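To start, the structure itself, in structure tokens.
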Amino acid sequence: MIAGDFLGLFNYWIVIVLMMLGLYTVVSRGNLVKKIVGLNIFQTSVFLLYISMGKVTGGTAPILTGKPEVFSNPLPHVLILTAIVVGVATTALGLALVVRIKNAYGTIEEDEVQAADDEREFGNTAGTRDEAR
Amino acid sequence: MSALLIDAASWALLVLGSIFVLIGALGLVRMPDFYTRMHAAGITDTLGADLILLGLMVQAGFSLVTVKLVLIGAFLFFTSPTSTHAIANAAYTAGLRASPMDEEGDAPDEGGDSAGERP
Amino acid sequence: MFSATVAALLVAMVLALARLYMGPTLYDRVLAANAFGTKTVLLIGVLGFLTGRPDFLDISLLYALLNFIGTIAVLKFFRYRTLGDRVDPERGGGQR
Amino acid sequence: MTIANVIDIALLVFLGLTAFAILKLRALFAVVMLSSVFSLVSACLLVHLDAVDVAFTEAAVGAGISTVLMLATLALTARREKASTRTQALPLIVVFLTGLALVYGTLDMPRFGDPAAPIHHHVAPKYIHDTETEIGIPNIVTAVLASYRGFDTLGEVTVIFTAGIGVLLLLGAFIREPDGLKIQTMHHHLVLRVVTKVLIGPILLFALYVQAHGDYGPGGGFQAGVIFAAAFIIYALVFGLENARLALPGHAVRVLVACGVLLYGGVGIVSILFGENYLNYSVLGSTPVHGQHWGILLVEFGVGLTVSAVMVSTFYAFAGQNPPISDEDW
């Protein structure tokens, strides 16, 4: 029973680990490119969650062969197939934003962008702001 | 009888290919500097890959699958050495030199990524 | 017997992953990623045979065709520092 | 433990290790390499989980486009991540507690591969059962994608279209125009030039095969579009961006971006004109099944057109930026 549970839930557990690693990368790292990579990891974990749920033991890929066979669920495949290409298009949009932030602030570190914004709004209150070019 | 022969032939090719791939991967980890690692990975990889593909072809017989396997083999045969060449070229023009006697070239992880500065 | 090949490929992938993590130079990382790509081509091919439906080799074929784009992009990135065209203002004419 | 379980567990552990390494490393170039490996492993895993169409898409995207875009961004920004000064304790606690709650939630989920799970009993049996008679093509995924759920796919294509427009709006004004200056190309890389010349033809041919063969095997417009774009990207990388723009001008690509979505939407309008519902292809041919074939063919072509045009124009926008990375950030 324990072994069955382990094998039966292992996919979901790793998916959760990946999801949390992605989330942690997004939340804790200040570099914007790194944040986007973290988002991609999170995104892939969602893909794997869907596909894992669609798998049927003893099933095969949902392409008809003319013989009666057990097929895995095609619906998650459709949803995720389009999501991957949408994902790369939105990643490109995010990266374009990063490039523009670099042009405007001279940095892609979130802390420095924040410092530059503070300085612009409140004047040079924080004292040592040399690095915020 | 002939089925057994085919199985035996493809088994031999697959095992041989697997051994080459394993040796290459071991060399990738164990060799002392970049160019020796490249030697280990580049050469054995191409041979091992083609042997494994050959083993699969023997298993598949004359069909569309074999045609695809031949194409995969042919493209790997072009692209794999090309990318090895490209990496070696990039490393050499960037000033990375082979240093068989010098173990200190193996700088710790983070610092090492600046080793490819343009001279 | 396909299982043995799969096992060998998985071990080789672990080793390539280790080299990718350790570095030390960035060229080691490119080399490891490239080797990993070759193993992926083989693994996907063998997986098709293992499950008895070897008609999904298109994916392997795709990787065999496209995997070196990344390597070329890396080469260009480190030689010219851009993926576009590098204009050389000092030399004006430059070589073409 | 069967061999299938072993492969499953091994690949999942690879994914976890790679993600952890991405978190730890501060050299952004290494992060890009690791994320390309992450994509390779997930493609293997998707093949193993029977999702060949999805694996194909992941392979097409991960093998070229995403690595190239990441590298292009690094070439315009910075190569290293700076050490973070902020405190890490709070995010760690939040992430740990969320993960724990999610793991607790999985205990009630149907076990992996269970045929009795609810997901397999709602609409999926209908798709699997009816595809052969109603749509008449072997690949169920393509049938669901282009016909049963054609509205969803139209939405997705519109999202890709919008994202492409967004990239052009953000970066388009900064694209360097050809100014008559001589440029350095990879002229002296003879091996690369020859091999690339040999390969570009097969890549384009393979893209057409994937586009046309999507009804019968893994493939379709999404995958074919990305592969098509990859051929132009590799040409631009080796023979110079200017030459690629001579072959396929930027403004022509921008027109094609819109054409694909227009074709998809237009097929829907035509089916309205024939007196049926939007995107019901049954009226397009002499018999309903024949009409479905026509509809899927046209719609997939529209998808391929938009996807490849968006990818190419995104690459043009990133690679044509001025100026490249400064010495300080290198």
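Per-chain residue numbering starts at 1, and chain names A, B, C and D are given in the order in which the chains are listed.
FYI, a contact is a pair of C-beta atoms (placed from the backbone, for glycine too) under 8 Å apart; a residue touches a chain by one contact, two chains touch by 3 or more.
Since this is a predicted model, take the numbers as computed values, not measurements.
**Student:** Farthest chain from chain B, comparing Cα centres?
**Tutor:** The most distant chain relative to chain B turns out to be A.
**Student:** Counting only Cα atoms for the centres, state how far chain B is from chain C in Å.
**Tutor:** Their C-alpha centroids are separated by 10 Å.
**Student:** Provide the C-alpha centroid distance between chain A and chain B, rounded to the nearest whole angstrom.
**Tutor:** Whole-Å distance between the two chain centres: 31.
**Student:** Averaging over Cα atoms per chain, report the distance between chain A and chain C in Å.
**Tutor:** 22
**Student:** Measuring from the mean C-alpha position of chain B to the mean C-alpha position of chain D, what distance in angstrom results?
**Tutor:** It comes to 27 Å between the two C-alpha centres.
**Student:** Which positions in chain D touch two or more other chains at once?
**Tutor:** Residues 25, 27, 29-30, 52, 72, 74, 76, 192, 199, 202, 217-218, 318, 321 of chain D touch two or more partner chains.
**Student:** Can you list the residues of chain B that touch 2 or more other chains?
**Tutor:** 75, 79, 82, 86, 89, 109, 113
**Student:** Which positions in chain A touch two or more other chains at once?
**Tutor:** As it turns out, chain A has residues touching two or more other chains at 60-61, 65.
**Student:** Which chains touch which?
**Tutor:** Touch list across chains, by label: A-C, A-D, B-C, B-D, C-D.
**Student:** Going by the contact rule set out above, which residues of chain D touch chain B in the complex?
**Tutor:** Touching chain B: residues 25-27, 29-30, 79-80, 189, 191-192, 195, 198-199, 202 of chain D.
**Student:** Can you list the chain D residues touching chain C in their complex?
**Tutor:** These residues of chain D touch chain C: 3, 6-7, 10-11, 14, 17-18, 21, 25, 27, 29-30, 33-34, 36-37, 40-41, 43-44, 47-48, 52, 55-56, 59-60, 63-64, 67-68, 71-72, 74-76, 176, 179, 181-187, 192, 196, 199, 202-203, 206, 210, 213, 217-219, 227, 230, 233-234, 237-238, 240-242, 318-321, 324-325, 330.
**Student:** Which part of chain B faces chain D closely enough to touch in the complex?
**Tutor:** Chain B reaches chain D through residues 75, 78-79, 82, 85-86, 89, 109-110, 113.
**Student:** Going by the contact rule set out above, which residues of chain C touch chain D in the complex?
**Tutor:** Checking each residue of chain C against chain D gives 3, 6-7, 10, 13-14, 17, 20-21, 23, 26, 29-30, 32-33, 36-37, 40, 43-44, 47-48, 50, 55-56, 58-59, 61-63, 65-67, 69-70, 72-77, 79-89, 92-96.
**Student:** What does chain D use to touch chain A in their complex?
**Tutor:** Interface residues on the chain D side: 1, 5, 8-9, 12-13, 15-16, 19-20, 22-23, 28, 31-32, 35, 38-39, 42, 45-46, 49-54, 57-58, 61, 65-66, 69-70, 72-74, 76-78, 81-82, 84-86, 88, 91-92, 94-96, 98-99, 102-103, 106-107, 109-115, 117, 119-120, 123-124, 127-128, 131-132, 138-141, 144-145, 149, 152-153, 156, 159-160, 163-164, 166-167, 170-171, 174, 216-218, 220, 222, 225-226, 307, 310-311, 314, 317-318, 321.
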